[in-house]
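Down below is the structure, laid out as structure tokens.
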Amino acid sequence: MSIKALQDQLADFADRRDWGPFHTPRNLVLALTGEVGELAAEYQWLTEAEAAKAMDDPEKARAIRLEMADVLIYLLRLATVVDVDLDAAVREKLAINESRFPPA
Amino acid sequence: MSIKALQDQLADFADRRDWGPFHTPRNLVLALTGEVGELAAEYQWLTEAEAAKAMDDPEKARAIRLEMADVLIYLLRLATVVDVDLDAAVREKLAINESRFPPA
Amino acid sequence: MSIKALQDQLADFADRRDWGPFHTPRNLVLALTGEVGELAAEYQWLTEAEAAKAMDDPEKARAIRLEMADVLIYLLRLATVVDVDLDAAVREKLAINESRFPPA
Amino acid sequence: MSIKALQDQLADFADRRDWGPFHTPRNLVLALTGEVGELAAEYQWLTEAEAAKAMDDPEKARAIRLEMADVLIYLLRLATVVDVDLDAAVREKLAINESRFPPA
């Protein structure tokens, strides 16, 4: 699915719950922080070797997958609210990185 | 652009720089934390009213947009490395939220 | 209590549980991220006015207080593990800030 | 130095710069997030072995130490602003952890 289609779906989900007033930029950034914290917590006590195999455990994989979904959901909500075209933003950033980090 | 196409583009960018060995799950989660911290910093001293108008300032808008791109880039790299289908993960999470938060 | 006395108490607490091997710098930074995320989540949907009065609600106050304790606990554990004198580090940082931000 | 003495010093530093109006709970939580993100960034590309030796490099050690100071500074400012006794909060949390995690 395209990023924009996903944003539309999330906007519709929020609208049907009247969540618009809560989805201010600062609220969404705090929510994003919370979700990244939950994702970090999934990896906090794992060795590098354990982390590399974390997805082999179905329960752990589900937890990691859903935390990643939460991070993406709040990032996409923020993009909608502040009207950022994430596709274009990533291209803009990659162009910067192309010159900062020339390929080997 | 689809999420998967964007992931492919980022994977290619990393591969051409031999960044693969650095892109372990824990490294990427720490990098994601760093970028969310930079995004939070853009909003830290703004009132709600100022935050709502932050994108009217071209320099501020650029900073916010590029931080959002960085967050997405590391999240997508993590999705590739741990082989999570983010489209499916968001759908799975929305189904959970549908039953947790019935529409008004 | 002094910061060092608190660090000693936390080191003793960890030692009695054989947590030493888990308390590597990167693990503690990920744990710190998780706790800051939980603290952020306590404030994510509050208006500025609600946030200013959040401590009037005993249950909310308890949650915020305990999340702040968790952040401090992991920061102090990290200070012990990497052997940073936090008192001195804060003095060093304040000296830098004194010259960067002269008083009004 | 005691935590409270450090809080007094930071309060005085902020007062002399008229920073009081900026130090709302949500602003300080966002600032704390930003500093934890910078601390995470110091560790993001290090292996566990490199992270264990990071303090041997004076420049890296200074960066880590000052990021830790920043995290503590914002946490202590928040404690002052929301009137949390961090000593007592850590004792309260350790009492909870004593029963959750009995010593081996």
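Labels for the chains are A, B, C and D, by order of writing; each one numbers its residues from 1.
In the analysis below, contacts are C-beta pairs under 8 Å (C-beta built on N, C-alpha and C of every residue); 3 or more make two chains touch, one makes a residue touch a chain.
Please read these numbers as outputs of a predicted model, since none were measured by experiment.
**Q** Hey, which pair has more contacts between C-betas, A-C or C-D?
**A** Comparing A-C with C-D, the pair joined by more C-beta contacts is C-D.
**Q** Matching A-B on over half of contact pairs, by residue number: which of C-D, B-D or A-D?
**A** Of the listed options, the interface copy of A-B is C-D.
**Q** Starting from the mean Cα coordinates of subunit A and subunit C, work out the distance between those two points in Å.
**A** 25
**Q** When the centre of a chain is set as the mean of its C-alpha atoms, what distance in Å lies between subunit C and subunit D?
**A** 4
**Q** Could you list the positions in subunit B whose residues touch two or more of the other chains?
**A** 26, 29-30, 33, 36, 40, 43, 48 - these are the residues of subunit B that touch more than one other chain.
**Q** Touching subunit C in the complex: which residues of subunit B?
**A** Counting only subunit B, the residues touching subunit C are 26, 29-30, 33, 47-48.
**Q** Please output the residues of subunit B touching subunit D within their complex, sorted ascending.
**A** My answer: residues 22, 27, 30-31, 33-38, 40-41, 43-45.
**Q** Quick check: in the complex, which residue numbers of subunit A touch subunit B?
**A** Those residues of subunit A that touch subunit B are 1-3, 6, 9-10, 13, 16-18, 24-26, 29-30, 32-33, 36, 39-40, 43, 46, 48, 51-52, 54-55, 64-66, 68-73, 75, 78-79, 82-84, 86-87, 89-90, 92-94, 96-97, 101, 103-104.
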